[in-house]
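Both complexes shown next keep chain A, but they swap its partner, so chain B is in the first and chain C is in the second.
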Partner chain A sequence: MSASATPAWFQLDWRRVGRWGGLCALGIVLVSLIGMPVGLDRRIIIEGRLSLGYLALIWMPLLFGYLVPKRIVLEGVENPDPGIRDVLAGLCAGVLAGLGPLLLILGIDNFNLRKPLVNWSPQLLELLTFGRGIGYGVAVWFAICAVLGLVGSSMHVLPANVRRVVSFIAYGLLFISVLEAAIDDLSEGFGLESLTDAMYARRGGLTVKFSIILAVVIGVLSIVTKGRVKGAANHYKGLQGAERKRASMLLFSGVTALCIVLPMFLGMIMNELLANVGLFLLLALGLNIVVGLAGILDLGYVAFFAVGGYTTAVLTSAESPFFTPELHFGFALIVVVAMAGLTGLVIGAPVIRMRGDYLAIVTLGFGEIIRLLFMSDWLKPYFGGAQGITNVPHVDLGFAVVKGTDPRSVFYMVLVLCVLAVYVSWRLQGSRLGRAWMAIREDEQVAEAMGINTVNAKLMAFVVGAMMAAVSGAVLAAKVGSVFPNSFMILVSIIILVVVIVGGMGNIAGVLVGSFVLIGVLGGPRQPGLLQEFQSYKLLIYGALLVFMMLKRPEGLVPSARRSQELHQEEFLQDAWLKGEDHDIEEAAEAAAAVGGSEGTGDQA
Partner chain B sequence: MTATLNRQSARRVSKVDRFLTFIRVFLVSLIVIGVVAFLAQQFAPDNPFARWRNPDAMGLTADQFKGLLVSGLSQGAMYGLIALGYSMVYGVLGFINFAHGEVFMAGAMTGFIASEKFNANGLWESNFLLCLVLIIIMAVGISTLMAVLMERVAYRPLRNSPRLIPLITSIGVSFFIQNAVMGLFGPASKSYPRLPEWLSKQRSILTFEIAGTKILVLVVASVSMAGLWYLVERTRTGKAMRAVAEDKEIAALMGINVNRIIVTTFAVGGAMAGVAGILWGLLFRGVTHMTGFLPGIKAFTAAVVGGIGNLGGAMAGGVALGSAESVAPLVILEPLGVPGVSQLKDAAAFTVLVLVLLFKPSGLFGERLSAEDRT
Partner chain C sequence: MSAEQSAGQTALLEFRKVNTHYGAVHILKDVDLAIYPGELVCLLGGNASGKTTTLKTLLGMVIPTSGEVVFDGEVVNHQPTSYRVANGVTMVPENRRLFKRLSVKENLVLGAYLRKDKDDIEADLEYVYELFPRVKERLNQKSGTLSGGEQQMVAIGRALMSRPKVLLMDEPSMGLAPALVQQNFELIQQINDEGMAIFMVEQNANMALSIADRGWVLQTGMVVLNDTAEALLANPEMRAAYLGEA
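Presenting the complex of A and B:
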């Protein structure tokens, strides 16, 4: 009865609105109390208008506003056309989200919970009220949340073209302001300081004028390039045989040339960052073989990293008490690889037959044991205990010296090793061994029944992964000039796991993307990324990303085709069923029955 | 051709087997030599075998040994309580809830916040037992809520996915909670207020000199364990839980609300972890956002040692692991001439895990899993 009394455009799904709006309010409170707004306020996105601290809050009403009217698209079910109702739902959710800042502002003003909650601070209140009093702050927050909810939900109503332009502008501006340090650095290398001086304000962040210009440029670009990029990608995917090979070679040489030329124009910090990305890429490529291809969840992967670092340090450093003849890095690298293989076998052999999840925990235990051993007084004469080994020499290659104070040289060395690792993984992927790994990942028992020696294949995955990690560890030791047990915490394994999973398990391109995006932007366990302000929050973000990816997109950003089929098996079957491909299945079944029948009659005869 | 292949593969497998046998023999002989050297030392400190590896070995006095054993037991009781959560969830859903350690940490953290408030208004001094009951109730509440929320948000959508997917998710959950707690309450270690004198003083029971706190820990742990045993073995809910652990589909056909039972399982596991969190706070007093990590893994070890899915086993495994980790470094490693053995406590706990999985993967008391989880 009440439904008939309210007009059609007001028939909202109130439960949905309440849920998403409430979640959004909760999210705002949580993020504020974790300290992101205050901590990130230093980083400015648009001068005088928007800082990363505020951005950490306002993305939520936008996203939740977008989510509220979003409907699940099912094949064969018609969704009603988006309309004014949806926009209204977003608005309501936004208003509800405004409760979050309201509660915080009133709470901080009236109660003192500073004791357990470290971020329950006047600074937060100042930031939330924009320094202009409580009433103003509350009103503005309600307005902001409502408008953003409205904007988010109106994305469903806007025509696709407009939506595209808007999202391009938003992402583009964000991208350019995040890359500020890189662009600054690059322009300095090319002698274009005047451009970046106009672009970025002195205290960081885009200037207002320039962000408007940029918005227009990006908008125009997005209209001009519409569909072209996708078309080119599809064209590339559609190529066959020699043509595809030529295109690939072209692409590859282009990327290589870029990688060789670009660092020459970059300064110290950016080169350092690239070197770090390369180091973690090497690790991630190794873990990709273990987790992505063979499907073995190795949480103690950092152990091999540590073995690489320590072997190099012991062999090359004059400080290492145990091994006196100091080897050249090149020889040390050979020993490192051999050592890593051996460690891989020793750690791998006892665990390889265990159930997948037991294996994960036991390898985690091994990772911790190895760190504890390196740190212990027992092995102090060999590995230096908690003080580690210092004074690992630079790498003298004859024509160049690779040293930590010159990150460009480190980057080139890492680049060579990464290319090698990519080549090895790529060749392995298609090899007999690689196919065996994938078979084991998909179903171990079936793989065994097909005649694959699963124990050996899994051990090989362990060993290959270990070698790549150890090489990365060796480079780390040479780069930093020292090794400490605390550089090899379990944390490292988990971050690498996030990189592999976010990028796309079992896909080399995915791992590349993952390490560039995560290590480059957020940073490694100790190494800062482009957003240095995120230093204290990045682990939180890594955790949240891991959960989000597993729930919503387990195949990663750049999925490998086979892996995503595996993960969405049911959906694939459903799609096949809806498209009427079940005829084939029936036919196959009939054919099988016919064969069985004829065999039966044959037996009788 | 196939015959040679078969022979080859058989030979290769046996290489791994041989290596495993070698590891087994090596570890066992290490333990035996260590224990024998320790015993030799105890009987006659000057005999050559006792001096063989470690000429400065002091041996342990009876009191020292008892002290180690008691602290091992009380710590083990805590591991046991946490292990129950791992064991129950593994029994019902067949995956390791890696974030269970964080549930425990949340309990300890809640206890810290509440006890500090009580301490500020003097109630902690004047009526400690009331405070204890209150903080236990609060910690249990928060931990239960957290475990249930975790199940709802992160694990329920993954109910039927391959086993490693929820495990990876739970690693993410664990990471997230750790760092969220660090963000909320700061990275510094927080310590519980001082316990009243009448509780923490040494008492002597059956020739054991035990600090009152440890007695409290043991008592609370046994009471919780008894409550849990009653719940699982004597009530309808418990029966339903056992049925779901045995076979989810058939349990559903028998009219059991499987979802509700799974939530109950998480809730009960979370409650036990909450109790363990308070006990940790009373025993060690210091709590940080990383408190849940190592005890969590060790508790999982305890669950495996006792046989996963087996509740009594989890408790016994916890106690066994706790005593092994406190006694083994001094009894086995010290006589072998390893310096700084106390640093290797955690390594000893992980070695126990490897040992159990090498010798008896189904645990000391046998695992109780449904057929599908066993593969």
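Presenting the complex of A and C:
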């Protein structure tokens, strides 16, 4: 037979290699055609070597190379004998991936498709061929893809320690160079400009010299800190009772101190960004109660945000068409909360008896209706129609003035409100009502049979969520100084939902992380994030992230505290296995060792 | 229904000529039922005979169009489910239906949702642990990860946490392996031996009658047979229709 003639290391899963390699080539074509390489080329990562535009392409062969040899994880034990075969698979997939640039280069050179495809441009060709002609470009891309596929797949072969150091260096350098603006801002606050001036080149990007220095520093750090962080986290999780309470308090006060002190050293842009994160965090915390705890998929959540904004504007602005006395923001806030509760009841009452998809669609409609009402000519005498209401005054707190032109003050106000909201969410989660919500989320009928008044409980969730959103809206109105119907597009609802889902539904820490990662790094619907370059691709990234999370990690970035604290490791593993979740070899091996056999797994199988 | 029972005690639960409709469809037709303290009774019947509707009517999820639902001498026709649960009925749903992503403990505590007596709740938790030592071992585990038999224990424990006077059981043999069905019926008998009245809705007539005191047979919404378990087991009609004998 011919099979016996081929050596063992050459017996690859060719279908798998073909599939992943092809997908990678397709991905490269897609990313090129949405304009990322050209659009991001001006953003430099490492001076004279690498720009964000190229990075947008080359991460793919690396990732796919890593994925190709990955076997299904069985009971926490990954691919038993990684070897030369896997590396070869990565190399082959990489070579296949090179077909993507090849297709693009030949295509752009020979056909003109600029009409339907805007990014089918000479600039893209120039970029792909490195300005040195077609043959050179094609050859180099095949080489790059092959090498990166090889590097990606060799991650499986390398010893865990080396892998750790390598990935730390890669992520660390990426982090430092991508967050250049933020780090610049911070260093200015701390008076360390000389350091950043040396680190970053004048036109942006790390200098070559400093990237090497940083790589070494990060490498050493990663070796030194190995296991420390995880150990500390485990130690914290292992604490019981009073000790744990003390540790929690310590952690909490540390974070609080950081939140209070850090903004003083930050510039305008960073403070603005933090304030935005806070605003969206408030929204997300509210939606987390509705969607995460009570399981009500509310797609019209922005309605309450709008109610909050408009109520504030009407009550406090001198230019609001029909309500002339200018109330203080504090009074307005009380009315805002009451109005939000009322709106929550009015919208919720008819909607709440519906289930699942129907409820989602109806709330989607209500969200739009509210915005259209604010925009309508009919209500123009009250809310100013499309022009909205302007001239919403600053918030005068007596000892300080909160105004949009001073983002730091806004941040502090938002911080206070967020802390309040986190506290409320946390208390609610552990309360009787919180338990009722979770029961309803799990099985509404049985919850009812347990004697829970499901309609009331769901309405309460709606109302509490509405109040938090409205408070956020109120702050937005005061911060921006005006409200327009178009600030309350349906997109806001969707983005907050994505924040909650990506962070981890029903989990406060998850929502915190989600807000920081999505709103802080990528940016809100209108607010820029740290990665301003990605502004035009934000929605694409949101969508991709959402799909990925739903498929691979439905419990969110931060697995709920319930999972990590309460589950024994064996059940965690079982779960992971049932869901086909991927784990680090390291982690899985540790867990397997802790279980010491597979007893207890039989029940599920 | 034996003479001494009807004379001496008031029924915990009673249907008096209950009729229910889903829209125009007439489901229960003049159904009379009664459950007395300490009894284990079963309601038998094939598909679409009205068994589940009977349970829903008892719990107040379906309102009868005529007739009376009586708890301990009180007509509760228009009381909501929460009132009825607070006054002594709880259901163990078909297929257990635990709150899967919540821990075992949370499931149990949710069973006592309507109760405010914290100390007694603790005591009842202890009682459930005593009844099902295996449940205690798994308190902090997510209930969805338990085995079928363990889930059944949690489901029963959850129902007991509301301190019911009557435990309603919807198809306890559903979706369990034969060995577990046997075990499950032993559990039910055990709880009944401790004095809990149990109203069980079942398709598996043989099994149900083997532990029950009395049984009713529903057919297209009407009670066609009503007798002691022994008599039902001996009844030739019954044997032909439900006990799988030609």
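Definition applied: the second predicted complex is superposed on the first by the 555 of 605 C-alpha atoms of A that agree within 3 Å, B and C clash if a C-alpha of one lies under 4 Å from a C-alpha of the other, contacts with A are read in each partner's own complex, and residues count from 1 in each chain.
In this section, contacts are C-beta pairs under 8 Å (C-beta built on N, C-alpha and C of every residue); 3 or more make two chains touch, one makes a residue touch a chain.
Note that this is a predicted model, so its numbers are computed, not measured.
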Go through the superposed model and pick first if A:Gly356 touches only chain B, second if only chain C, both, or neither.
-> first
Classify the contacts of A:Arg435 with the two partner chains as first (chain B alone), second (chain C alone), both, or neither.
-> second
In the superposed arrangement, does A:Met550 touch chain B (first), chain C (second), both or neither?
-> first
Would you check which partner chain A:Glu448 touches, where first means chain B only, second means chain C only, and both and neither mean what they say?
-> second
For chain A, give the residues common to its interface with chain B and its interface with chain C.
-> 445, 451, 453, 567
Residues of chain A that touch chain B when the two form their complex | 30, 33-36, 115-119, 295, 297, 299, 345, 349-358, 360-362, 364-366, 368-369, 372-373, 375-378, 445, 451, 453, 455-456, 459, 494, 497-498, 501, 536-537, 539-540, 542-547, 550-551, 554, 567
Within their complex, state which residues of chain B touch chain A.
-> 5, 9, 12-13, 16, 19-20, 23, 95-96, 113, 116, 154, 157-158, 161, 163-169, 171-180, 183-186, 297, 300-301, 304, 338-341, 343-344, 346-347, 350-351, 353-354, 357-358, 361, 375
Where on chain A is chain C touching in the complex?
-> 432, 435-436, 438-439, 442-443, 445-453, 562-563, 566-568, 571, 574-575, 603-604
Complex contacts: residues of chain C adjacent to chain A = 59, 61, 80-82, 84-86, 90-91, 93, 97, 99-103, 106, 109-111, 113-114, 140-142, 145-147, 150, 158, 162
